[in-house]
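In what follows, structures are represented as structure tokens.
Across the two complexes that follow, chain A remains constant while its partner is chain B and subsequently chain C.
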Partner chain A sequence: MNLHLVNRILRTPADVARDCRDDRDVTSIARSALVAILLGSLLFGAAVGSWRGGAQILFSGGKLPAVTIGTLAICVPAFYAIAAVFGRPWSVRSVVSLMLVAGARFALVLLAATPVVWLAIDLGASYDLAKLAAALAYALGGLAALTLLLHGVGDGPGRRTTIALFVVVFLLVGAQAAWVLRPYLGTPGADDVALFTREREGGLVYQLWKSAGDAVRPSRAETR
Partner chain B sequence: MRPVDLVVLYGLIGVGCAIAVLLKEQQNGLGRAIGSAFATIPLWPLWAPFVLVTPRPAQRGAPTGRDETRAPRSHRPQTERDASGPLPRIEHALEEAVRAVAGSPMSEIFSRSVAARIAAEVARVAERLDELRALSETQGLDRAASAARLRTLESSGAPERTVATARLQHESLTRLDQLRTSDAQALEELADLLEALRAQLLLARYAGSSADGTGAIVSEVWARLEGLGAAFEVPRECAPGV
Partner chain C sequence: MNVDTVRLTREEDPPGPDEAEERCQSLAERLLALSRSDAARWDEEVARLGVGLGLTALFGAALGLRVGGAAILVHAAGASLGLLAVAAVAVPAFSIVLALANAPIDMPTLARATSRAVAKAGLALGGLAPAAAMYVVTVEDAITVSIVGFGGLALAGGIAISSFSKELRAAHAAAEARTQIALTFATPAFLIFATTLAVRVWWLALPVLTGAR
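Right after this comes the complex of A and B.
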């Protein structure tokens, strides 16, 4: 991993985003970004999995890089098309490298948050607190990645729409990928460690819709 | 389609891409090609475009909608990090030099750790240059503005103390500007030197010629880096006196 590039991703995201857009030395950028994504999400996943301990550390450490890489891979065609439609006919290399450096920035923030999350869990954080800490780290990472994407998209017509569509697509795909590969912390009250959840609960959007319905009409939830 | 089918299909495409990568990357060394091919199997949607797609020259300076690319590139300040600037040249030269000596006795003279140390030192210097450039763009630290103010004060017959303060300000900014210019130049020279080192190592590897000059060039590189480091120490030491 090129530490100089990692430093640039964190400190001068606009420069790195410009290099990606201009297809300048993107192979080296992509290589380092991929390593950063794998390393950052693996260690963060392992820290999250330490709430349950044992095999869950390995499972979460393996699943989180899969979620991040999988989400990026699935989003590539959509990002390419959205950018082209809104006046940014970039090459595939430019789009992929831009997404990878955004992902690397996200993963580096997760890496920075790993000791805090691990310490909180080690000090006996409850399930909800650990979940909240992980969600906060994810939100921080997402904001860091979004900053880089804003630089990458640049000014000009369709900027807001391009960014908004990028974010919506990424959130939907990322959340669904994470949902499919859950659990990461482990199931509260259950002693066994499972690689995937055995419950068939439908997709994330369906679950959110159901929860929202239950919140509006509590009587409906009670009858179930 | 079941998840298992999807995984199998994904893997099959990955293997296909890996074979293509292996064939294409062989010219860069078998070890590198195998590593790249293995990485391609699980990561093909994100890695294959970089290995299999050759960039077209037209892709340079891709549009961002309407923003800064509309302005002529020459109007943007040239920095060390620009494609034609010394930093990418240095990184590229170091990478190629390390690859050239890999597995040969010369790797003791120019190891990956030596290259990493040089890269770290160059990154530190470049960072300081960025800081100096950012400083020069800060309001109140503009050399042209300070020169104009000094001229105005001198021509308007302002009190000597006011003129002396403005002169001191202008001299300090001029010194900062000179420091930045000379060190940017030194970084350029360092890039030239490392490119010469890379060429010498490649020649020694492929033509079997002597690498006698290599040690001297490496020493020269370190001397230049020390010189750059020393130049940057000056303002820090002078600061309390100013």
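Right after this comes the complex of A and C.
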């Protein structure tokens, strides 16, 4: 991993984004970004899995890089198409490198949050608190990645629409990918450690729909 | 000597400006670009329309993955059919209305606006196809499939409408005052008709979206 490049990703995202857009040295950028994504998400996943301990550390450490890389891979065609339709017909190489660099920034924030999450869990954080801490780290990572994407998209007409559509697609894909590969912390009250949950709970959108319905009509939730 | 030969060859065959530009253009840029000449070329527009419909079929195929087998082909065809219906039925009807209103929009201009709108919609749907495939394969409930499917198609429809309107705006501005008044009503009416037609075709041709499974 090129530490100089990692430093640039964190400090001068606009410069790195410009290099990606202009197709300058993208192979080296992509390679370093990929390593950063794998390392950051693996360690963060392992820290999250330490709430249950044992095999869950390995499972979560393996699943989080899969979710991150999988989400980026699924979102690349969408980003390419959305950018092109709204006046930014970049090459596939530029789009892939831009996505990887954004993913690297996200993973580096997760890497920074890893010791905090691990310490909180080690000090006896509850399931909900650990979940909240992980969600907060994810949100911070997402904001850091978004900043880079904003630089990457650049000025010009259709900027807001491009970013808004891309954020929606990325959130939906990322959330569903994470949902499919759950659990990460482990299931509260369950003694066994599972790689994947066997419960049939629909999808993330369905769960949000159901929760919203329950919030509007609490009586419906009570009868279930 | 070898070096000289190579240098000579490079000096003899410098890439022309058109060639260099061609190499720099991305796939999407080539798909969405206007014709080199100001006038639309039928072969280019037909090719663009075909690519747009093909990309749309990818989104349909992704939806069909929920059922598998022949449903993949059925949904691939169904997704393209919505846009094809607009291009083949609604646009010719609109061209007659334009002619009646004496609008300064000829058939090639209309064909170009249509093919570019379909290409843009197709590109968006093709890009969203992997995400749609992941959703329809991994979720258990039918409502999510309907939301994802119709959400993608609505987005693509919006993109197509916006592109089509923008293409014709310049021609509208060049029309006489009386024609402009007629177009103020005719264009939105066409867009409503085209949207309704596409939604109806998708409703019939994409059974996975209507909650059958």
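The working rule: the second predicted complex is superposed on the first by the 224 of 224 C-alpha atoms of A that agree within 3 Å, B and C clash if a C-alpha of one lies under 4 Å from a C-alpha of the other, contacts with A are read in each partner's own complex, and residues count from 1 in each chain.
Definition applied: contacts are C-beta pairs under 8 Å (C-beta built on N, C-alpha and C of every residue); 3 or more make two chains touch, one makes a residue touch a chain.
None of these values were measured; they are calculated from a predicted model.
Enquirer: State whether A:A30 touches chain B only (first), chain C only (second), both chains, or neither.
Expert: first
Enquirer: Considering only touches as defined above, state whether A:V153 meets chain B (first), chain C (second), both or neither.
Expert: Only chain B is touched by A:V153; chain C is not.
Enquirer: Would you sort A:L100 into first (chain B), second (chain C), both or neither based on which partner it touches?
Expert: Once the two structures are laid over each other on A, A:L100 reaches chain B alone.
Enquirer: Applying the document's definition of touch, where does A:N7 land relative to chain B and chain C: first, second, both, or neither?
Expert: first
Enquirer: On the A-aligned overlay, A:P89 touches which partner chain: chain B = first, chain C = second, or both, or neither?
Expert: In the superposed model, A:P89 contacts both chain B and chain C.
Enquirer: Please work out whether A:T187 is in contact with chain B alone, chain C alone, both, or neither, and reply first, second, both or neither.
Expert: neither
Enquirer: May I ask you to name which of chain B and chain C touches more residues of chain A?
Expert: B
Enquirer: Find the residues of chain A that appear in the contact set with chain B and again in the contact set with chain C.
Expert: 73, 89-92
Enquirer: Considering the complex alone, what residue numbers of chain A touch chain B?
Expert: These residues of chain A touch chain B: 2-4, 7-8, 12, 15, 19, 21-28, 30-31, 34, 69, 72-73, 76, 86-94, 96-97, 99-100, 153-159.
Enquirer: Which stretch or stretches of chain A touch chain C in the complex?
Expert: Counting only chain A, the residues touching chain C are 73-75, 77-82, 84-85, 89-92, 165, 169, 172-173, 176-177, 179-180, 200-203, 205-206, 209.
Enquirer: Write out the stretch or stretches of chain C touching chain A in their complex.
Expert: The contact residues of chain C facing chain A are 25-29, 31-32, 120, 123-131, 134-135, 138-141, 143-144, 147-148, 155, 159.
Enquirer: Name, in rising order, each residue of chain B that touches chain A in their complex.
Expert: Contact set of chain B toward chain A: 39, 42-43, 45-47, 49-51, 53, 55-56, 59-69, 81, 83, 88, 91-92, 95, 119-120, 123, 130.
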